[in-house]
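Please go over the structures that come below.
In what comes next, subunit A is part of two complexes: it sits with subunit B in the first one and with subunit C in the second one.
And now, the complex of A and B:
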């Protein structure tokens, strides 16, 4: 029996918390609007004798640290380095949702892409070729409906493959414009020299090119080892009325 | 070859950033990165996703053309709010009466039991008249409206209506100098201000986030709804109106209170953004998610079980000891009068200026930990202060108020004070934690308090001047 950590990432309104609740049996507040999960919640579930610690990250559109919740999600994936990052996507607006998945894959290949609301997509006449997506992204892709509990078993099996290392992904790396690529190439050695090989050098170089100061602040704090990432559970599970 | 960017200086991290800055000085880097990502996303989707009928996709947004239109957006919002109140008041009225009668009936037996075993009268006073009566009133007054209001609100939330509210409100918040997302954090405040303070993290700019934090208190939370609903149904509607008209007028009064709260929110945001928190509103994208049919039973069961019981438990946990304490204070006599009356008398002159009385102000002060307990403390204070009324239903709660000289002005000003006064203790702690600034935490209590005092004072003076009471 082994223990693994799974981080749940995804855009707002993708049913991420519904899936989290279903797997962990917790009752994290769910609602149909952006920004409802502003704190990370934790739970646990077991599959095939493996115990998974599930961390529900705030729903975000990107990891570009525009706001406190995006920073929280980004810092967790980079610094805590969960065994698997589960990216939950909305099948009915896949194109927009994929952006976050691509950003996660730039950081880590230990990821499973979970396309939720597949039943709604079917109703709307959307047909998704999972194999084609999985081939492009280089990591497992599973279609589920968290609400109606469709595809959960398959999802857990793919989680296990990535967590145990039975599957090693070759995540899609985006090739940017020549200028950016040249900048990245020049920065990578400096990044590795400064922060070591523990963190994804290419991604950090890209973010630095973009002038992401908050990432640097977080990096500094972690290099000094003074600030461990704290998983906040301020409001507890499912408690919205918290006087 | 030597690297062109030699890292030196006190902090290698800073050198790293300056090296990056040198490379990136052409600008437009973000645009290139974003278009790179979007290009790949679009490429994957055009290969892997096929649509049978693109028109079908737009169908869920047809409703949006109506509910977010300039013409119909606000009327629909107000009608929706009114409907929620109407359902709550109409549905809660009778169960509240039944519960109160049931508890009164049980109280008769409890009293008989205490008499049968010759228990001392102070014990009966503390346990039955203080503890039991206090908690049973909290339950009968608060439980029925909560069991209706919270599930209805949760259904609207899961349906996806809240982002549309934010969309409609966005224009107003922009004009007041705040962030459009403030409409979302404000909506969350209707549930719980303490949780809403945490939700302001979705607002990127610190200035706009501070505006959202400072004004969140002006929408009534779970803890204040019961007070508002009870007082408006008892005092704000003329005795002549009955039945459906009565319920309807009560709903209108509640809506008025909410609108006052929103107006104050916008005004304070506007004033602050012109003075202490100056700046230009930033742009943002607000996603309007597709409407989804809520899982009706799950939502109802969950919100009843968690929200309603949660609020109620907290109210009882605090109300039970408060019941004992207020009974003791009301029955320990010093210098010819009870301690409670002495305390109330101390606040009374000031309270009268605001159109209220010393007991009400005392209840608000003692209610700082949680707004749920303001009303119970007030009732217990009144009951133990000599005017013993036999309670056997909701009607007699009104009699208690009346016997303490209440008029509709008292009720109105208590509602206004409840709406505007400082946030509860938990919210203040959260504000301090989120802003890490004692100054802002204190200001977020002092500004609302100042407004609450000013508004109630003005209302009381004007009403009295015009001779309306």
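And now, the complex of A and C:
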């Protein structure tokens, strides 16, 4: 019996919390209005003798630093490094939703893409080619309806594959323009030297090029050891001191 | 790029535009991209508030209202719609 952590990420109103409640049996309600606390809900569920700690991240369109919600979701995935990040997408507006999926995949390949509201999409005549999406993204993709409990077993099986390491695909890596790629190549060694191999160097290099100060603040805070969340990992990271 | 097309703020209700350029900078630019205001994407002008500002747009299957400050810095080409 093993324990794994699963973070639930997704745009607002994708049924992320419906799925979370279905799996964990929690009756929690969250809204997306301003001023809402960004504290994440937590629960637990079991599948094939594996115990999963589920963490419901705030619903966001992005993981860039547009709001406290986005920073909280980003910091959790970067610093807590859940065993699996489950990205919940709305089948009826995939174009918008895939933006977040790509951002998650830039940080971690330990992800499962969960296309929710598949029954709604069918009603609208939307046909989704899961195999093609999965091939392009390089991670498992499952279609479900959390409300009508369709596809949940398949979802849990894919979660297990990624959590246990049985799945070893390579996630899609976006190639940027020559200038940006050159910048990334220059920054990666410096990033690795400063923060160690624990954090996704390419992603951090991209954020640095973007001038994302909020990420820098978070990184500095975490490297000083002022961790806001408990971490199960031993502090074995080869981080050189940062002042 | 900004020279190409008209600002979204100048497009009439019901018109459809394809975005050709975004002059907004900084965090707000990032935010607009996340919401679907991406070059090449289609936008429909839905309606205006009584005083003409903000304007509601339909982009990637979602309605988003923008102030003139932002919509005047997003450019597009008319591709159809009732207002064309």
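In the analysis below, the second predicted complex is superposed on the first by the 220 of 243 C-alpha atoms of A that agree within 3 Å, B and C clash if a C-alpha of one lies under 4 Å from a C-alpha of the other, contacts with A are read in each partner's own complex, and residues count from 1 in each chain.
The criterion applied here is as follows: a contact is a pair of C-beta atoms (placed from the backbone, for glycine too) under 8 Å apart; a residue touches a chain by one contact, two chains touch by 3 or more.
Since the model is a prediction, treat every value here as computed from it, not as a measurement.
In the overlay built on the shared chain, the residue A:208 is in contact with subunit B alone; subunit C does not reach it. Once chain A of one complex is fitted onto chain A of the other, the partner contacts of A:221 are absent, as it touches neither subunit B nor subunit C. By the touch criterion defined above, A:150 reaches neither subunit B nor subunit C. Once chain A of one complex is fitted onto chain A of the other, the partner contacts of A:92 extend to both subunit B and subunit C.
Of the two partner chains placed by the overlay, only subunit B lies in contact with A:124; subunit C stays clear of it. When the shared chain is aligned, no partner comes close enough to touch A:22: not subunit B, not subunit C. Look at A:12: by the touch rule set out above, it reaches subunit B but stays clear of subunit C. By the touch criterion defined above, A:132 lies against subunit B but remains apart from subunit C after alignment on the C-alpha atoms of chain A. When the two structures are aligned on the shared chain, A:179 is found in touch with subunit B, with no touch to subunit C. When subunit A is checked against subunit B and against subunit C, the one touching more of its residues turns out to be B.
In the superposition on chain A, the residues of subunit A touched by subunit B in one structure and by subunit C in the other are 61, 66, 92, 95-96, 99, 210. Those residues of subunit A whose C-beta lies close enough to touch subunit B in the complex are 12-13, 27, 30-36, 38-39, 58, 61, 66-69, 92, 94-96, 98-99, 102-103, 120, 124-130, 132-133, 136-137, 147, 172, 174-177, 179-180, 183, 186-187, 189-191, 193-194, 205-206, 208-211, 213, 216, 219-220, 223, 234-235, 238-243. Contacts from subunit B toward subunit A in the complex involve residues 3-5, 7, 11-13, 16-17, 19-21, 23-24, 26, 29-30, 32-33, 36-38, 40-42, 44-45, 47-53, 56-57, 154, 157-160, 162-163, 166, 181, 184, 188, 191-192, 194-195, 198-199, 201-204, 221-223, 285-287, 289-292, 294-295, 302, 306-307, 310-311, 314, 369-372, 424-427, 430, 433. Interface residues of subunit A facing subunit C in the complex, by the touch rule stated above, are 61-62, 64-66, 92-93, 95-96, 99, 210. Residues 27, 30-31, 34-36, 60-62 of subunit C are the ones that touch subunit A when the two sit in their complex.
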